[in-house]
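Given below, in the form of structure tokens, are the structures.
Look for subunit A in each of the two complexes below; its partner is subunit B in the first and subunit C in the second.
Right after this comes the complex of A and B.
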């Protein structure tokens, strides 16, 4: 479904990715783990078209994304929940969700929009109580739910999640991971970037370990969980 | 006397508000003070004269004056919006990722260019705006409100209300607000940020065009440098209300207009242009964020 081959991306003169190969099949949950600065966020931003790769190619359902602007990538069915959630702080919760559906050109009254928003509200009932509240006034956990809900409004085929558990209370973290599983079961393919490697690997079909701007290891979630190097470096065992 | 000044002030304030909106909308999205915005207003005034002159020569004004005026305004808006759109593409878009000082210098360059371009093509002397309304008007409570004043107040009120509804209620208006708050995230939900920026320049220029025609017909005289002082005053209005804040620009414009006409009537009309700058200094000392401006706080 999604294929990255020898992707190199840089910030100015600094190489942030030195030739990355990643493959995501339909209906999978794939996780990308690695320490700070390994290039995980860069990978997601490159897929979404925010950063342009210097070389290599990205294809999605056979079509190259390499020279597409970000809004066109969204139209192809790839939505990203970025690091730090990036809720529009001075739009209401409802308006944030409406913006999520921007690429679909829905009118707020159409049944499609209503279906999507009902789906989001059934995943995250708390958002329904807060529709008129400004996004910036929500708690961290609520903002994370809104960020995921906003991405789901566009009916994505592939959802990119960047550190969804960052800065959340443990109970919230497990709720978010449970929800990711539910979203996947609804037929959305997921590429997950996480620092919480143990929880992420348990959830995922396969994983990639990113170290010093290259893929160091890859395998099924189960295998990586029992790999000695991964245990030492990322699982604290 | 007081009521009379209120009417004069609202007339002036409505016009300042229309120009201030262009400053504030562009600032809200690009954090750029578009110093060439006043020149769009000046172009509006000139184009108003040109189109109205054209309709007078062709005889349309004697057939139907309202139609001629409507077409004048419409054509002026279209041409000015084209100027605004082109200005952004040529002078600001290539500098989108440059240090913040670069587009500011570019803006001043555009401003100087447009002034000289109009001076060379239209001449350096004052042009007279054809008077179509005369001094007739409404008399009530010892007050004289000309039809032109009434028209200016109504038109600016309607335009401000429409803009407010557009920004608050429509899909594109919401996308504009989203883009102003976080451009990267806006592109991640599928908003074409470049078209939103273009739309902002087009709308701002359209409003300034209307303001240009209205002021030109109000004062009757137009010159190539009128954009400078009007631009600075409208900029003051935008800062007064809180730069980047749309209702703030409307409020700031009206307050500025009221202060200016009250100052001219009760203190001295010699210092008419100075009141705006006194306000600017005071607001920067007391509440630098402006009346409706908020210091942004974001949860992490």
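Right after this comes the complex of A and C.
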């Protein structure tokens, strides 16, 4: 479905990715783990078109995304939930969700919109109770739910999640991970970037370990969980 | 002592505000009148804050307006009727002030699109006002072009210059963008000052024609007042419609969080360009109204202070609020005239009033952006 081949991306003169190959199949949950500065977020930003790769190619369903601006990438069915829950603080929960459907065209908007919003509310019932509340007044976990819900409003085929567990209470983390699984079961492919390696690998079909701007390891979630190097470096065992 | 502590103690806050105002006043008058100002302000402010506290007590029921919905829906037509009636009983001097405040309303409405909706700080808005004014001044005096033909031309050229500035400047964000726009404002003023062949330099352009309707020139102030009034009403309606459209939503989302906006599929560059083009368009209209009213333009009218004044108007009225921009322009254009009695202190009083407003109502008189109801 999504294919990255020898992607190199840099910030000015500094190389942030030195040739990354990632493959995501339909209906999979793929996770990308690695330490700070390894290039995880850069990878996602390159896929969603916010950063332009220097070389290499990205294809999505056979189409090259390499020179596409971010808003066109969204129209192709790739939605990103950016790091740090970037919701619209002074818009209400409902308005935030409405904005998520911005990329849908007018004709499909009304019917799709109602379906999508029902789907989001069934995934995150707490958002339904707070439709009129300002986004900025939600708790951290609720804001993360809103950010994910907003991305789902655009009917994504592939959802890019950047550190959904960042700064959340443990109980909220497990709740979010459970919902990610549910979203996946409804037919949305997921590419997940996480610090919380153990939880992410348990959830995923396959995983990639990024280290110093390159892919160091890849394999099924189960295999990586039991890999000695991964255990030592990322699982703290 | 931190800020939160000051906020909690109304008495302490009143004390600090009065002290601040008194010290500002000191260089202008002697110690005695400063002390009087301090005492009066302190007593008034503490009285106001204690009344506020009283209202919070459950024993004193809050006075509720009988029909808030009716009042809200009636306030707009009522306001329009009052404005329409002004020329019948106001002296020419006040009419003149009101015409200028109308021109400022157009400027504030335009700047509010760029700063208030889209969140792009622009410190050189007077440049676009100048471009609009000079376009009409030049095409009218050199080519004899009629006012009504020049309106779309002036506004169009101003909008194009807005786009021309925006294309390179929008690579920058926040403070950097503000500096670039400030620089642009100065460049435009200096060009107007030095391009003698075209703009007649610092002497300005004289003999600009008044607009005419059906062959009769609008010479009287009251006719001109209605002309400006109609432009303001049309601008407010159009801007409010655009604000409530898809475009307006995109603007607000860019202001709220640009990365999130691009992650939901909004072409942020495109909508920022729209904001610049649409906002500066109204500056062009304001410019042509100004030059045709004054029948004279010179670079002096378009200084950095003018940009700051327009920005203050939208901040006073409520950033991102279309009606707030109108209210802010009305207040800040009229206040200096109303304070003319106290002559040399009027700018000081205006300054103190602005500081007080930002302390007690930082969101502006009419508050932040007004939701569209669909």
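We adopt the following convention: the second predicted complex is superposed on the first by the 233 of 237 C-alpha atoms of A that agree within 3 Å, B and C clash if a C-alpha of one lies under 4 Å from a C-alpha of the other, contacts with A are read in each partner's own complex, and residues count from 1 in each chain.
FYI, a contact is a pair of C-beta atoms (placed from the backbone, for glycine too) under 8 Å apart; a residue touches a chain by one contact, two chains touch by 3 or more.
What you see is a predicted model, and the numbers here were worked out from it, not measured in a lab.
Bringing the complexes onto one copy of subunit A puts subunit B in a clash with subunit C.
In the superposed model, A:9 makes contact with neither subunit B nor subunit C. When the two complexes are overlaid on their common chain A, residue A:140 makes contact with subunit B while staying clear of subunit C. In the superposed model, A:46 makes contact with neither subunit B nor subunit C.
Looking at the shared chain after the overlay, A:189 reaches neither subunit B nor subunit C. In the superposed pair of complexes, A:71 makes contact with subunit B and with subunit C alike. Across the superposed pair, subunit B and subunit C both touch subunit A at residues 48, 50, 69-71, 74-75, 79-80, 82, 86, 88-91, 98-100, 102-103, 150, 154.
Interface residues of subunit C, counted against subunit A in their complex, comprise 246, 249-250, 252-253, 256-257, 259-260, 262-268, 368-369. Across the complex, subunit C is touched by residues 48, 50, 69-71, 74-75, 79-82, 86-91, 98-100, 102-103, 147, 150-151, 153-154 of subunit A.
Put simply, subunit B touches subunit A in their complex at residues 171, 174-175, 177-178, 181-182, 184-193, 296-300.
Contact residues of subunit A toward subunit B in the complex are 48-50, 69-71, 74-75, 79-80, 82, 84, 86, 88-91, 95, 98-100, 102-103, 107, 136-140, 143, 150, 154, 167.
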